[in-house]
C-alpha cells in the first residue's frame, strides 16, 4: 500500500535516503536498501576530490544536527569506480552532483548518465555552508537555478531533482523556475540556517567552519511549510526532506504535498532501521484510517 | 558581577523579557521583574486594537514553540492606560511598537516617548506571520529598515532597538542599515521560519494561520550565528534572543557578541524563575572561570 | 514536551440536555480533577475544557455557546478533535475529609470527577432551570446532593450559594470548599468562605491563547496566569486577585468589566 | 541527546613515554571498556580516542602523530578539551572466564580498563621497543603479563602474535580473545583465532567525521560503520569485512590500501 510513482520510478515505499548521509559507498547503499528504504541518494559528488572542512564537521544539539562537512568526496573519477555496478541493489539509486558552474554541472551529469547505474540526478543548489557551492555561490536564486537546471537537462534524459533551500524568501518562486527549466521533481529541503554552536569553556565556535546547516527535528516544521508552499506553486512531484523521524512525520509531509520523503538525520535518532519503522508506522496509520494509497491523501492539508 | 550597560540603561543583569511573552499588563511586568529579569519588553502594540489570528495561535513541538499570534493587542490608547505608571517597577521597561508604515511607527513612538514610562523603544521589523507587518510587509529589507528607523529617530531621543529576522539572506547588512539610520542597538532575532505543523488525523495545519514563527531550542543556533554575524557588522550593542534556556546559552550569546540577552520561550520550559536561574548559572560559570564581568568575555568567540 | 493538538476520534456523544453534550474521546490521560485540556476544532478554533471524566477514556462536557461549541455540537462520533494537555494545577483533594462542592451550571464539569475522588462530599448543584441540571445521576452515587434552580423547577428555588450559607449557619463544619461556575457565584462563595474561615478552591475561567504554556499572558488575572498558575486558586491567591469577580481580558488583551467580558464570550 | 563537544579541563597529564601521554580529564562518564570519545582540540580538529580509564575521572592516552595529537602534547593541565560520547559498543567482557588480550602499541589504551574488568586475564603487550611499552605497571597488577618488543629491548623479541600462537600451541584454552593494535597485527590475531575457533573481539580504527552519530559513512568497512556498529567486532562480522586488514578510506572518502591509509594518518 506504500508504493509510489516518482517521475516514473516505481518505489516500493516513499522513503528515500537523503544525500550526504551514509551514501558514500556501494555497500552502504546496499545496506540502506536492505534496511527497507524505497530509494537512496548518494552523497553529493564534485568534479575533483575534496577533503571538505576540518573536524568537527557534524554535531548533535538539543533540537537536531548541525553539519559543515563541506562536500568531502572522492571526485567523479572515483565515484565512477565506486558506483560502477549498482545492479545488485534492488532499489533506485539517485546520483547527487554539485559544481561551481552550470557547465561543470552539465559535465558531471553527462558522466553520471553514461554510467547507466542511476535512476535520477539530484542537484542540490542549496548548501548553506560550503564556499563555492549552493547558497554561498548564489545558486539559490531563480536565475542560477534556471541556468543550472537547463544545462543539466541538455545532457541527460534522467529525471532531474532540484534540491532547494529553506533559507530563501520565496521557495515557491524558486520551485517554479526549476520546473520551467526542466526539473522533474523538487527536493525540499536542504539544511536550515546556518546555525552556530559555541562551547562556553573553550569560548570557541565548535564547528571548524564555525557555522553549519541544521537538520533533524528543528528543521521539520520549516520543511513541511516549504513543501506546502512548493505544492501550491508547481505541478511536478516533491520529495519532502527535513526532520522526518516517524511515520507520523512522513504522513505529515505527504499531506503537505510530498510524493516521496527523504530521511537523513533520522538515522542518528532511530538507527538504520528507521526506513522499515517509518513504513510500518505509516501502514498502521493507513489501516486505522482506511487509507488505501498515499495518492489518496497527497496534499490533503491544502483542502 | 552580571551588571551590564545597554545604551546607558543600567541593567542589574543581562536577562530581558522578550516581546510578546507575558508583557501584556503592568502586573505581569511587575511579576517578571520580581522573578529577577534585568529588563522587560512589552508585547508589541499597534495603533488600533487587534484580535490577531484565531486559535490555535501558539503550540509547542518537539524542538521549540511555533506561534502565529498575529499581534493581538489592545491598541495604543489602551496601552497608554495600562502602562500609564510603571514607576513601581524597578527595572527598565522597553516598549515594542509595530505599524504598517514609517509615519505610523513615528506616531506610535511619539506617544510612547511622551508617556515617560519606557526606557527604550523596540521596532520588530521581522515578524514572519502577520500580514501587513514585518517580513510579510517587506519591512525586512535594508531600505525599509532604514526608512522606519529614521522616522522613529526623529520622534524620540529614547534608545531605539531594531529587531531583526533570522530569515534574511544578509543579517549583517540589515544591521548596518539600522545602525546608520540611528538605531541604538540591534535585537537579534525574531522567530524563525515560518514553520508548519499538520495534524495527521484531522489532516489539517494546526495553526489557524497555517504557519507560524519558530522560537525556543530549534532557533538557538541560528540566533547565535545571527548575533555572531551582526557583531562583525556593527558597533552598536546587540540583544541576543532565541532559544536561551540556561546560563550556558546566555554565556554562548555573550561570547557571540551580545550585550544583553532576551528570554521568551524559556518561560515555557523553566517557568518564570528562569531569569533568576539563568543568572545564577551564569554567575556559577563566571566564578569557576574567574570571569569578573561580562564585558570581559563579550564577543570572545571571534578571537 | 509535545504541546500541539493531536487528533483523536470522538468515541461517544452524550446529550446531557438541550444545550450541553459530553464528548467521550478515544484518549487516556494521566490527569487529576480540575485539570483542563485544550481542544482544537480543526480550522475553527481551540478552547480550554475541563475534564469531566478522567478514568478510562477521558471526556469533556460542552455547553453550546459560540462558534466553536456550536460546531462541536454538530459533530458526530468518529469525527476528530485535537487535544493537548492536561494543563493546570487541578484541585488539591488531598486532606479534605468533610468537603462541600458548589457547582454552577456548566461549572459542574470539573467537579464531578472531584466528587468521585472524595469521600461522600456534600455537593450543591445549581442551575437556571431543571433542564440545565447536569450529572444528577453520577452525583447521587458519590455525594450528598443538594439541588437549586433559579426558577425552582427542580430542587430548591434560588442560588446554590444560599444552600452553602444555610449549611454553614446550621453548624456544618467543612474543612474544604470547592467551587466552579459563573464568576459572580464564585465571588459569593469566596466571601462566604472568607467569613467562615474555610479554605476554598475555586476554578477560574479566562479566555486563553497559549492555554497551559503560560507564555502569552492572555489569561492573566492581576499578573497571575489562570492557565499555568491555576486554574484552581485558594483563598490567599484569590485575595490578591482584585480582578476576580470584577474584570477580565478580551482577545485584544483589553481589560473590561466582567459583564462585558461575559457578553463577548456568549458570541 | 547532546552530541556536541563540551569543554572540560585537563586535570593531569601523565608522560607514558617520549611519544605517548595520558590526559586525565575533569569529567566522569558512564562508559564501558572499548568505548571511545570524540575529542575536540578547539580550532584544530576533532578525533576519536579510546578511554584508557573509565572509573572516576576518565582518561585518554594519546600517541603523538599529527596536527591534533602534536597540539595535544603541547597542552598543559588546566587547558580545555571538548569531549562528546561515549560512543561505540565496547568490549563484551560478559562471559569471558579465561581471556587473552593482545595489545599492539597504542592499541593497549582501550585494553587496560578491559584487563582490569576481567579476572586475571593473560595480557600480551607488544611494542616496537622497550620505550614504547605502555601501562606495564597497571597491567602487572591485574593480568598475567607477557611482553614482546620488535627489537627485543624488553620481554620477548618479536611480535605479540607469536606469543598468542605459542600459548595456544601449548594447549591453553581461551574462551575469548580481545585485541587492538595495528591492523596487520589484528588481522593476524583474527587468523589465529579462526584457526583455533576462538571467539575474538577486535577493536578497529578508521578516520571518523560524525564519530558515533553513524550518519556520515566515513568510517565504513564494507558498509559496516566502525563508529556506530563497532568499534569492536566479533569473528562473524570480521569475516564479512573484506576491507579489514586491507583497505580504508581517506578523508575524501577514497578507498585505498591500508598502507597508503596509514601513511596518510601519520601526517
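Should a chain be cited, it is by its letter among A, B, C and D, assigned in written order, with residues numbered from 1 in that chain.
To be clear about the criterion, contacts are C-beta pairs under 8 Å (C-beta built on N, C-alpha and C of every residue); 3 or more make two chains touch, one makes a residue touch a chain.
Note that the structure is predicted; figures quoted are calculated from it, not measured.
Participant: What is the minimum number of touch steps required to go from subunit A to subunit C?
Facilitator: Each step joins two touching chains, and the minimum needed here is 2.
Participant: From the C-alpha centres, identify the chain that is farthest from subunit A.
Facilitator: With centres defined by C-alpha atoms, farthest from subunit A sits C.
Participant: Between subunit B and subunit D, what is the gap in Å from one C-alpha centre to the other?
Facilitator: Measuring from centre to centre gives 50 Å for this pair.
Participant: Using the average of all C-alpha atoms in each chain as its centre, how far is it in Å between subunit B and subunit C?
Facilitator: 36
Participant: Measure off the straight-line distance from the CA centroid of subunit C to the CA centroid of subunit D, and report it in whole Å.
Facilitator: Once rounded, the distance between the two centres reads 64 Å.
Participant: Distance from the CA centroid of subunit A to that of subunit B, rounded to the nearest Å?
Facilitator: Here the centre of subunit B sits 34 Å away from the centre of subunit A.
Participant: What are the residues of subunit B that contact at least two other chains?
Facilitator: 61-62, 66, 197, 200-201, 204
Participant: Please categorise the chain-chain contact pattern as a line, ring, star, complete graph or other.
Facilitator: The chain contacts form an open line.
Participant: Can you work out from the touch definition every pair of chains that touches here?
Facilitator: A-B, A-D, B-C
Participant: Quick check: in the complex, which residue numbers of subunit A touch subunit B?
Facilitator: 61-64, 66, 167-169, 192-198, 200-201, 203-205, 210-211, 214, 216-222, 224-225, 228, 243, 248, 251-252, 255-256, 285, 289, 297, 300-301, 303
Participant: Enumerate the contact residues on subunit B facing subunit C in the complex.
Facilitator: It comes out as residues 20-25, 27-28, 30-31, 43, 49-52, 54-62, 65-67, 69, 72-75, 78, 82, 197, 199-202, 204, 206, 208, 264-265, 267-269, 271-272.
Participant: Name, in rising order, each residue of subunit C that touches subunit B in their complex.
Facilitator: 1-9, 38, 40, 42-47, 80, 82, 84, 208-211, 213-218, 220, 222-224, 249-255
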